[in-house]
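After this come two complexes, each holding chain A, first together with chain B and then together with chain C.
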Partner chain A sequence: MFLDASGSAPMTNRTLEAFHAGLADGWADPSRLHTESRRARQLVDAAREAFADVLGTRPEHTHLSHSPHTGLERIIAGIFAARRGRDRIVGTAIERDATLLAAHHLAGGNVTTVPVDTLGHVDLDALAAELAVPDVALAAVQHGNHEIGTLQRLDQVAEVTRSANVPLVVDATASIGHGASPEHWDALVANPADWGGPSGLGIVALQPRTRWLPSWPEGDDWAPGGVFVPSVLAAAVALQERTEQLESTTERLRGLVARVRATAATWPGVDVVGDPDERLPHIVTFSCLYVDGESLLSRLDREGIAVGSGSACTTSTLEPSRVLASVGALSHGNVRLGLHPGVTEEQISRLLALMPRVIADLRAEAGAPEL
Partner chain B sequence: MFLDASGSAPMTNRTLEAFHAGLADGWADPSRLHTESRRARQLVDAAREAFADVLGTRPEHTHLSHSPHTGLERIIAGIFAARRGRDRIVGTAIERDATLLAAHHLAGGNVTTVPVDTLGHVDLDALAAELAVPDVALAAVQHGNHEIGTLQRLDQVAEVTRSANVPLVVDATASIGHGASPEHWDALVANPADWGGPSGLGIVALQPRTRWLPSWPEGDDWAPGGVFVPSVLAAAVALQERTEQLESTTERLRGLVARVRATAATWPGVDVVGDPDERLPHIVTFSCLYVDGESLLSRLDREGIAVGSGSACTTSTLEPSRVLASVGALSHGNVRLGLHPGVTEEQISRLLALMPRVIADLRAEAGAPEL
Partner chain C sequence: MSADQAAAADASDVTVDATGLLCPLPIIELAKAAKGLPAGTAITVLCTDLAARIDVPAWARMTGHEFVGESRTDGEGVALTVRLR
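Coming up: the complex of A and B.
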């Protein structure tokens, strides 16, 4: 029972078939001249068209990187380099680590994070005030937040960045494949693993007008050494499948998420986090007072249920979630569900039936007061 | 008839099976805490052990990068950063573009390339003279050359670098899986696609004593955003398969290569390139006077034969080979064969029977004098 489909999800049969076809036809190096390589190159070109189509740009402005992380790094570096003389980067307080680390690295720490409200929406007045100072190279604003699910009002954000003449980099790594693609951006980064494609691949989409400079003296600025063609093909097919089924899937998952939010809100000492309406349809998160996040994950794992958490220390993060802290939510005892299209009503029922007992047990073990 | 197995090769059935197993069991993000992720992490750990075993180091010193290119970039950057105060990089004249571009980028152009002789061996006296100046951060020396097949005498090279106390970075991206792994290095980079694994993956092996500093403020210094676990598993199985069959395959391919070299040497106006003995067993290259490289490739491609060439302008290189120029070989009309273990005696016979007519036709078309 896999309920951690945020950044990764099991592949569907159709995506797996695409992968197998890619392994058979796309193993050759697409940069060479012979038939085998041309075939691989054609697969990549077709995939770039499919990505561009969904993202709303042209294939020649759609680039493949080695991961969403490197995509964010490279485009932030590229736009920063093209805006020579402007040396500050502005982001929201709930951007991904990859974005903020790249920004700090490039701007030598000259980074401003704009606060968000308790639902996770960026403070537009504060953003406008920061961009009014003419030293800003770029603004980085997420589309959907991977932890709390809140969707930014990107039309309003883009009005602010446009009137300040500051390029807008949109991290759409948690939203593409889960709803309409955002329309207002100068650069956008997407993550195929998040929509059921393979990991180890990122997509960077640009507008024709977007100016950037290569940050490395190489022919291939986006993925030095190339990408794995079968992965590219599988990512495109996975996105196509998600897009075709978007309406029915979204409605169904939105219903499951609403049910989790309503039920969890009735449990004592539990905070449900993020905007109730303007949100990703498949992400839902809540925090439990007096409960240790890692113990919660382990306990659910032993019950055969995989969930995520903003308060667990994993191999990649050693601190509880900065995002939860930014919206003023409890950063301990956090459970994050990411629902892939295969998740059923029954699975959610089982989780909801189990949770109150799990929470009570863990509180009792920790000697917490009754709530 | 695929004779361009240098940097890429079709996967064997056993490798494809490993890939499929990886897609089933290794799709989850290995950095999370639940069972699905732990399973993915176990696959990665087992693969790192397999790589470490073949490369002669320990798993904890064996890192995965997004490609051999990024592996070379990251380890050259890492060692360069750890050698603060020494700001020059020394390489051989026939290193890969990725190595020399990374070196130029990091050292601000302060790069010295040491010449090689007509067989492709680095001039050891010249190398020692460069390293005698105490401003050298690191020396980059290939193991096997991907274009001409020559194997460097790394034991002698390492004597020079060791006595100068300069770290030795060995590009083994063309040699691992084709013979004994080199023994003398401080850092080594390998390419799974070259031994029949997937592309989009690089391996960086270090010695316990090797000092490096992260060049990016992140937890994951080698592959930001992670690698694709099924690829890692397939790469390990492909290497294992190659290693098991190494002796018999090597001997057979060495025989085919010797046959190509001997036959091509009898064709008028054809130069056979690289060391006849100290060489990779599966790479063979020759250059044809008065013949255009791209026409040659296209003609063979129409005959159903895929070969490589150091003189073709591809999407990734716009100039004829620097390597061929460095050994004083003709850089036009070049044909490079890379023989994967499935290549047969009959395929080579067909190529050798065809080549003299192809060369003669292309010379006639170009109005070249008879030879």
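Coming up: the complex of A and C.
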């Protein structure tokens, strides 16, 4: 069973059908003038309208990029270029690597990260203090955190950025498709793969007031070489499907997450991470004392259960998760579940029944003392 | 690290050398050393795996002990001190 739906999720039949229809009808280059191209272009335009509708902006301010990563890079670069003379970028300590890498690359290391509390909420006073210095080009604040699930209070964040006249870039790559879209942002980036669309596509939404300049050679073309039309169509259909079922799915997944959090909290030496209420409905994270994260993932994989982890030994860099470090959570033995709409109560019951034995076995193997 | 913390680290009663061990092993060594020691004992763990900088304070919080502070060691690592409660 797949419980790692964070950044990617299984595609539904309806999404797969849309993808196939896109291959059949949208194979032509949308930028040419003949009928076949026009058909492909209509599919992209309709999809862009659907994205704009969910994100709360207009289609002409909704851009497609080759990935959420490049979308973040481009909008950060575009706003930075339009804010000539302001050369510092401010972000939270728990932003994605893609955001902070883009910021460091552009600002030559002139990047300030604002701390978060133990639940993962950004320190608003510290943010206001940073933005009070008039050298800030933009502020990057996530909507929902991809590792611990905490939702930022973007209404309060936006009050701070607005009163400082600093554009607010919101990484919504973990939240769109899982709840109401955020209302407070100047630029927003979404990830279709996260809501069960194909990977290799990013969406950048802007407000009409948001000023940006292309800092890349292709001018206002956000996806040089074009986007893959079947992916765009499938992403729009997947989002529509999620949106139609949002209320019932969200409520059900929120219940499963609450059950996992409550149960995990009763296991000895287990640290449940993130805000209990103000959170994404489908992400749940906990860390197990004295347990090696890699062994835990392998053991669950042998049981046919796929989960994620932010523990150092499970990352490509062998560095502990910056997010877990920022909230002071235990970084080893970390388990992160991402629940897609197909996850059942029975699957969660099986995981919860299995976990205490797996944790006890791994602790015994490592020679850990009794808790 | 404050002067108080430095003094506390100097006054450690027990030192656990977890140099070269990867997480969670330094924390397991710390927990083993803590077993049976009286409240008030200070334990300093020497680590080269920097995940311990996150995990020693988290261990103290989860097990009801006090995290005193950290200092750099002569080599690559850190010395992390807790006080048992």
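By definition in this document, the second predicted complex is superposed on the first by the 361 of 371 C-alpha atoms of A that agree within 3 Å, B and C clash if a C-alpha of one lies under 4 Å from a C-alpha of the other, contacts with A are read in each partner's own complex, and residues count from 1 in each chain.
Here is the rule we go by: a contact is a pair of C-beta atoms (placed from the backbone, for glycine too) under 8 Å apart; a residue touches a chain by one contact, two chains touch by 3 or more.
All of these numbers come straight from a predicted model, not from anything done at the bench.
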* Asked: Of the two partner chains, chain B (first) and chain C (second), which one does A:Pro369 touch, if any: first, second, both, or neither?
  -> second
* Does chain B (first) or chain C (second) touch A:Trp212, or do both, or does neither? -> neither
* Of the two partner chains, chain B (first) and chain C (second), which one does A:Trp267 touch, if any: first, second, both, or neither? -> neither
* Asked: Now for A:Phe51: first (chain B), second (chain C), both, or neither, which partner does it touch?
  -> neither
* Report the partner of chain A that touches more of its residues: chain B or chain C. => B
* **Which superposed partner A:Glu73 touches (first chain B, second chain C, both, neither)** => first
* Asked: So, A:Phe286: does it touch chain B (first), chain C (second), both, or neither?
  -> neither
* To do: Identify the overlap between the chain B-contacting and the chain C-contacting residues of chain A.
  => 312
* Would you pull the chain C residues touching chain A in the complex into a rising list? => 22-25, 27-28, 31-32, 35, 49-51, 54-55, 57-59, 61-63
* Asked: In their complex, what parts of chain B are in touch with chain A?
  -> 2, 4, 7-11, 16, 19-20, 23, 27-37, 41, 66-70, 73, 97-98, 101, 104-105, 193, 198-202, 216-220, 223-231, 294, 297-298, 300-301, 304, 306-309, 312, 314-317
* Asked: For chain A, which residues count as touching chain C in their complex?
  -> 269, 271, 287, 289-292, 311-313, 320, 324-325, 328-333, 366-369, 371
